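Next come two complexes, and both contain chain A; in the first it sits with chain B, in the second with chain C.
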Partner chain A sequence: MTAARLEDEEAISPASLAGVPRAPGRVSWRREAAAMAVGFALLALAPFVFADSYSRHVLIMVFIYAIVASNWDLSLGYGGVFNFGHIALFGIGVYAYSLLTKLAAMDPWIAMAASGVIAVVAAVVVTIPILRLKGIYIVLVTFGFAQLVMQVILSQSDYTGGTQGLVRIPGLYVFDHNMVRDAKFAYFYIAFGLLVLSTIFLRLFVRSRTGISVVALRDNEEYAVSRGISLVRQRLITLAASAFFTGVAGAFYAAYQRNASVEVFGMSLATIVLSMVLLGGTGTIYGAIVASFVLTIFSEAMADFGAWRPIITALLILAVMLAYPGGIVGMLRSGWTGFAGLSKRAK
Partner chain B sequence: MALLELDGVSKAFGSLKAVDGVSFKVEAGEIFGIAGPNGSGKSTLFNTITGIPFGPDRGVVRFDGAEIQGLPGHRIARLGLARTFQRETAFDGLTVFENALMGATFAGSDGGTAAEAAAEALEFVGFDRADLGRSAGELSVFQRKCLMLATAIATRPKMLLLDEPASSLTKPEIDSSIDLIRRIAARGITILLIEHVLTLLMSLSQHLLVLNEGSVLALGDPRSVVADARVVEAYLGSRKAA
Partner chain C sequence: MNTAADILFGGLFQGSLYAMMAVGLALVWTTIGVFNFSHGVLMMLGAYVAWQLGAWGLPPFAAFPLAVVLTAGAGWLLQATVVRPLIGRANLVLVVVITTLAAGSLIENGALVVWGPRAKQVPPLLDGNVMIGGIGVSLHQIAIIVVTPVILCALWLFLNRTRLGLALRAVAQNEDASRLVGLNVTVLYALAFGIAAALAALAGIFLGGYRFMTPVMGADPLLKALIVVVFGGISSISGPIFAAYVIGFFEAVCSYYFGLYWTPALLFAALILTLMVRPEGLFSTGRARGLA
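On to the complex of A and B.
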């Protein structure tokens, strides 16, 4: 029974350690996998509840935000690296896909995967100068990197369209399915599939020993190094890992919108996604995803409030963060603890 | 052959010579004590040996037959040279078990799986099964010190460098630390121990080195070292001045 040996509650082998779970103090991976499967299965039913293309469009945007925010949570929340170039990785995905499909006439699906790889390469390039830096200096370098990428794109207007951006970017295809007249049915499931893959990847990563070592480095760099963890190697891995699906999400966004502009490098998008990471609760992956839903849907629901919309949103974020510094996940956790305490007392 | 050998090790910060031409040898299996007043360069000496965060400017550090000065800190840890820090440190975002697992995974040297090494090291320093899943952030000072020792033991080191293991501990906690250090030595781990509490050093170490202003002031068996007039002066000041 080789399968049984992989089971979570399986004891670590020596007799003296019998009964020690593989990850004491953590939710077992079976339980997490089951919860994740239920959550995603419910989400997969959404297009049957929401048949109109507007609702589906909102959900597609939620999925894109969720991918970008949860991957940012890997470098920022788990790694503690203030990578303010994360949105640039998304922008690089947008432009990599646009240029590869438009100029090189590459197959859209291959271009989407290639955009992820290009974002990974870009992440490695930006990581090298920040390896020996800390805190605010990492913010400066990574922010500068984002600006640099934007300037390069603006300056190469013959290819990138400069401030005009690019239009008529080839979309994705699924066999002979008509992607335009299906009320965004196909794009919904492509975005949904990307979110599922990205989330599974991120959770596997943070539960792995490499993932744990990333937190160790965040908590105390010198102590982590003294236990054999290589700062250079782990930091490169973290940033590279957070880049792939971010780049793919950028490519998907370009394919879905059929146009690209340098606005994706702007502060406005960076601020929205950063508020999702923080509001959700850093270092959880799920928090960023949940917050993407909450913020996007909240923002859409308040469309009639005009200029009041961002103000009310900001106040809401402030209120939650003041009451629960752990964000939405922190709020849910303390709610659960309270509930568990009550039900114990009731017995 | 000595397990650890320093030859003319120096480290300066600007014009301040924090460690100045220090040479000594530590034989395998012994407990070797390093004493000295505050600011005498004890912790800087540890930093230069372990490369965390920096190696020496000059001089040679030989560990287990190989020169290690200039190697990055994580590589030195993997060679079997583990250290603790003066301030009790832990990976607060991780569980007790995960703390030890890190040492075992990334610097563990011989035999068995990392999970086994981690669980065994935690049991050895006195953690209960029920503690393994606790968050390291909620431990007491003494427990954090013990956890720091467990993460070091989990690397299966040949040698352990302890930087003031008794600082900010109560008397009974110091007693159990002394007992624990003896038990670590009994596992065959060579120990290099920094303390400025002389009584602790006297009761544990076979050799004692006293640093003052970055240089070796005295070196030998503990009893004769503490009787040395220069050592008394460095600790208490000279009679003439008083």
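On to the complex of A and C.
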């Protein structure tokens, strides 16, 4: 609804908005919804093209990464909050689901939703100390938060399995459907459904008035505050909003892999997902999703290179970051501008 | 007596290592305004280069300084390739986090390919053990405890008493003005990174003579150095040095009374509390660099 109202405002005063730089809510929401529907419809056909369980597994991992990375983009790209504890929210989802289903024998689907809520609570807890902080200090505190959660999980090994991790975590179920013998057909669509819900949620959020006020705070904090936007409230809302689907993705990951270890809190996972966010281009949501596809499939394609794989991946990240500050989306955009300019000149 | 000696010694030893690491991070932060997340990897590189030189037959007194110089060169190269081209970008801090992380991953995996995963050890600075205050300690550790303050004092003198050091601090305080008075900012950036890398290499050699080294040995010291600079405030060099020893003692006391498992959790709880009360660090003078 809010998006529709914005649309009207744009229609009333196009001249006053013409000079405004690209910001959320600039592309007509109808066009965006149509493009999104086409994109996701094509993606929904993937299991019929890839019938083997390996390709489907790669796509499921892409979807999980895409959810985590695009939600990270909300706090990092739109909110401008350098939240390095985002991966910890994912890990919290993993462990919340595992413990709820294993120890409390909760229904897997309810546990998955509960994991999202627990991740939101954790996000609120980590946001409180960073409300007064800026820039690099936020990086350090949120980084510390992630390590703290990991240490607590390691130390409570009676429940969490410590360094051994947890195994035989209950998986998801769909009526009486056999989840194991369908070449990951059902898991593909569950992961896909989560990505669709998460993406719609994120785009609605960033196009809403709240989303725009968050961007205003990022771009000019003093001015935004003077116009009556509450930094504390918006920062809490942003972090909490970015946590829910991240926690759910963690729960899904645990249900899908059926084991959990503290590696989900490690630097290597954080580096990969962060590079997806930055490689895609921050403040777009879609960029992070595209980069998840590119990086995951690229990394899988190089499985034969062994120890050289992380080296090549690192080189790729460096090359894109040095050449294209706007990430993949910036690369596509500048390519498009160049193409448009050429075709104009041709006329 | 034993307890006191244990805590005192443990605190001094850990504090020395943390100080060596944290000062490098703080130096790069104050001069260039970026955080070098490959600092831990540079430490690992220093230790491995020292080991390699030793394996080629160089005696430690020649291998160690050479390794420090070579790692400083690596730091300079790192700065020239993944940091300097990005200066001037809007989200510099964030982009440099990812480029230094990626470069770190590159070097770490490169070390894995070159040297393999098997744990190695560099020779200690001094051989042998002594009994002090009822506990046995190695001379290597004592050497570290004695050498570190000397090096840090030398660094402090360099930054405060020489023209070059003052130029570095000038760039840290006001880059535009430094350019106006004719300082070569590019060279000074390279110098800051080189010194930081040299300090990291020294820390690596110290640690490699005490524990087995692996390609991932830099991750934990980097994390601790990050905590140290948060505690101490990153706007100065002396803040992190004090904070390093405070944290060294904090860890020694905690692990003595609460056990190793709870020490990191307590440390982070203390960190978050510190930041809520004094966001600019415990020993900050209040003229922080931008805070952006």
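Methods note: the second predicted complex is superposed on the first by the 320 of 347 C-alpha atoms of A that agree within 3 Å, B and C clash if a C-alpha of one lies under 4 Å from a C-alpha of the other, contacts with A are read in each partner's own complex, and residues count from 1 in each chain.
We adopt the following convention: contacts are C-beta pairs under 8 Å (C-beta built on N, C-alpha and C of every residue); 3 or more make two chains touch, one makes a residue touch a chain.
This one's a predicted model, so the numbers in the text were calculated from it and none came from an experiment.
Enquirer: Classify the contacts of A:I212 with the two partner chains as first (chain B alone), second (chain C alone), both, or neither.
Expert: After superposition on chain A, A:I212 lies in contact with chain B alone.
Enquirer: With both complexes superposed on chain A, which partner does A:I136 reach: first (chain B), second (chain C), both or neither?
Expert: second
Enquirer: In the three-chain superposition, say which chain, chain B or chain C, touches more residues of chain A.
Expert: The partner that reaches more residues of chain A in the superposed model: C.
Enquirer: Considering only touches as defined above, state whether A:F192 meets chain B (first), chain C (second), both or neither.
Expert: In the superposition, A:F192 contacts neither chain B nor chain C.
Enquirer: After the superposition on A, what does A:S230 contact: first (chain B), second (chain C), both or neither?
Expert: First partner only, chain B.
Enquirer: Which holds for A:N220: it touches chain B only (first), chain C only (second), both, or neither?
Expert: After superposing on A, A:N220 lies in contact with chain B but is clear of chain C.
Enquirer: Mind pulling up the chain A residues that touch chain B in the complex?
Expert: 12-14, 16-17, 19-26, 209, 212-213, 215-216, 218-220, 222-231, 283
Enquirer: Inside the complex, what are the residues of chain C that reach chain A?
Expert: It is residues 29, 35, 81-82, 85-86, 89, 91, 93-95, 97-99, 101-103, 105-106, 109-110, 112-113, 219, 223, 226-227, 229-230, 234, 261-262, 264-265, 268-269, 271-272, 275-276, 279, 290-292 of chain C that touch chain A.
Enquirer: Can you list the residues on chain A that touch chain C in the complex?
Expert: On the chain A side, the touching residues are 76, 82, 129, 132-137, 139-141, 143-145, 147-148, 151-152, 154-155, 267-268, 271, 274-275, 278, 282, 307-308, 310-311, 313-315, 317-318, 321-322, 325.
Enquirer: Looking at the complex, which residues from chain B come into contact with chain A?
Expert: Residue list for chain B touching chain A: 50, 52-53, 72-74, 77-78, 82-83, 85, 89-99, 101-103, 105-108, 113-116, 119-120, 123, 129, 132-135, 148, 151-152, 155.
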